[in-house]
Amino acid sequence: MRPLRALLLNCTLKPSPAESSTDLLLAELAEAFEKHDVTSETVRVVDHDVRFGVDVDEGSGDAWPTLRQQMLGSEILVIGTPIWMGQPSAIAKMVLERLDAELGETGPDGRFLTYDKVAGVAVVGNEDGAHHTSAEIYQALSDVGFTIPANGVTYWVGEAMQGVDYTNKDPRPEKTAATTTTLAANTAHLARLLAGSPYPAT
Amino acid sequence: MRPLRALLLNCTLKPSPAESSTDLLLAELAEAFEKHDVTSETVRVVDHDVRFGVDVDEGSGDAWPTLRQQMLGSEILVIGTPIWMGQPSAIAKMVLERLDAELGETGPDGRFLTYDKVAGVAVVGNEDGAHHTSAEIYQALSDVGFTIPANGVTYWVGEAMQGVDYTNKDPRPEKTAATTTTLAANTAHLARLLAGSPYPAT
Amino acid sequence: MRPLRALLLNCTLKPSPAESSTDLLLAELAEAFEKHDVTSETVRVVDHDVRFGVDVDEGSGDAWPTLRQQMLGSEILVIGTPIWMGQPSAIAKMVLERLDAELGETGPDGRFLTYDKVAGVAVVGNEDGAHHTSAEIYQALSDVGFTIPANGVTYWVGEAMQGVDYTNKDPRPEKTAATTTTLAANTAHLARLLAGSPYPAT
Amino acid sequence: MRPLRALLLNCTLKPSPAESSTDLLLAELAEAFEKHDVTSETVRVVDHDVRFGVDVDEGSGDAWPTLRQQMLGSEILVIGTPIWMGQPSAIAKMVLERLDAELGETGPDGRFLTYDKVAGVAVVGNEDGAHHTSAEIYQALSDVGFTIPANGVTYWVGEAMQGVDYTNKDPRPEKTAATTTTLAANTAHLARLLAGSPYPAT
């Protein structure tokens, strides 16, 4: 079984060391990935000086080129994001915009460098917005060359307007745990297939 | 205080007499409207033979022209919809498409016949999707001439993947009740203002 | 090379024999599929008596069970839809809701029957809405077990508020043609991979 | 006629003095506002050190509190945004998240400080995404207390995948100009009504 690497981008608005529900969900996903011989690296984007823009490098001090190299060196990319206002975080949107630059970066075979990489989504919020958040992210990532697996998202949200945090749920939500397990299995399976049999040149 | 009329369209997928969580939320909204001298009429759209299309009348037997007259005779329109797959119901989308026809129906002053009407949204689901559902509906309704009040939606959704129905919540969710009260107050206030002071001719 | 079958659902609001821009785009996609040994069948959903609902069979006369069998017998599903109000058509939403029933239909291995099937999207409108339409459809289809390929959509929209139809564009838009070619290639490649190496049982 | 103030936030990703299509559309809107005795102030958000977060003040050097005071001092707020990946810009999302803090800021009457303010949207892109972008923004702004007028958006997008910029369109798109005129008229009318007759206390 080919070992795989996954880059998990935590798009919380809160710099370290603040507690992050997204971090917890991504840690659970990283653990689930281990069973499939996938090594995860989690990065909290807001801790790095990623610039707004749609280029691969926005210049002096931009932290995106380093994260981009990690993405290019991984078979799997996971966007982990909190929900704010029923939508992905501004950090998540910033990351997607930086990935937009991949549309201008093709290899010698004319294919995007993202081709054959698989993307998953992890979403967490006090209430409401997980499906829409995954919709936004799936669309942006498919547009720039990632493949979305069956059941490509794991998520947790609480009851409407109750304000409960994922980090405070005790016991851990079983349904979310099962969904995380499935996401890891499907993402790893698909990434392994594509790593062995790339999309054709265009 | 000018008496107002509200048309509440229940866009559940289930014909009467099936129980409908959307119906319950709309009943609570109708009760809240009473305090503001707003008379509500609730219609379960799926009980009527509304046709797919984007014309004001899609021909023989189309039930939309009757509902449309009720809409034109009301100062307030509320779209009540269940969430399916994190999105508005197909019935809600069908209704919005029929309202699209209003873009071709202007009065002698060049204004859409929907101008000066206020639209609210009521959304209910087992889990997740209320904010996005309201986003879709706000956009479609503003596009065709309705005005959206401050806090233009009332909603309830349960915890992720738990499958609880609004009709089975006991006691009734207090936060949703408060939100319903606010929606009724804001919608009535705004509709009364616009009924007295219409948008200018274009 | 394993021959594949694709079911292309045209979700136009207009019954046959009305001209349909979606039909044209789907015909172009079917032609592109041929080069990859994919046999396409296109169905205009509105010509069939598909019922609103979220069950696999909504009872007497429901046309969905027949379409569902075609879907289950295909490795590829394409949702083709016009844009109305910047969103997928109500027919498209109705189809997605019928596919929601697959969440209750697992095989002996505990997997959804949709697993290993790949879904693509074809969207056409006078103006604006293709990306959002694909977002809505990707999310619903990934949720019920389909896999979304890299660059999973082909589309055409005209300039804002100009009202041009895809069927009237002459010459044919080259960029859309290239995108259709890519969609066919990627969808076929991925469907062939998954047909040979199914997702693991859960 | 009560004079009104409008704050127009340009959410382009590009710092000054880079050319901005959004800036052009906002300038056209500001001119249209003049006819309704509305004084506009346009701010390019990316030129200021606005921080990620959901508080009214994110601390040392955060530029949002100043922009927030301008917002609180205006009867009208316009979010102007480019489209990236069919969605609002990350800057727009960051601004909406800062406005989320208003849910915790009520006046002595228990009402949000945003109540009675009217919000409009201006969207521009090479292609596709204006309706969805307005949907996202309408929902977030209604949630935090703004009112959305009839036809609450002006926009321009070009034909799919053609890459034309709004700033390069010659002659200027007439339909967009007419839509801008309507947006200014409706926004001013509604803001004037609400300034004179506030929403009731809750």
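Per-chain numbering from 1; labels A, B, C and D assigned in written order.
Rule of thumb we're sticking to: a residue touches a chain if its C-beta (ideal position, glycine included) is under 8 Å from a C-beta of that chain, and two chains touch if they have at least 3 such contacts.
Keep in mind the model is a prediction, meaning the values are calculated, not measured.
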Inset, instruction - Go through A-B and A-C and name the pair with more C-beta contacts between its chains. - result: A-C
Inset, instruction - Quick one: point me to the chain whose Cα centre is farthest from that of chain B. - result: A
Inset, instruction - List the centre-to-centre spacing of chain A and chain C in whole Å, with centres computed as mean CA coordinates. - result: 25
Inset, instruction - Round to the nearest whole Å and give the separation of the Cα centres of chain B and chain C. - result: 29
Legend entry - Centre-of-Cα separation between chain B and chain A, whole angstrom: 35
Legend entry - chain A residues counted as touching two or more neighbouring chains: 85-87, 131-132, 135-136, 139, 143
Inset, instruction - Would you mind writing out the residues of chain D in touch with chain A in their complex? - result: 13-14, 46, 52-54, 84-91, 93-94, 96-97, 100, 136, 139-140, 143
Legend entry - chain A - residues contacting chain B, complex: 85-87, 127-132, 135, 155-162, 173, 175-176, 179
Legend entry - Interfacial residue positions of chain D with respect to chain B in the complex: 112, 114-116, 131-132, 134-136, 138-139, 142-143, 145-153, 181-182, 185-186, 189-190, 193-194, 197, 199-200, 202
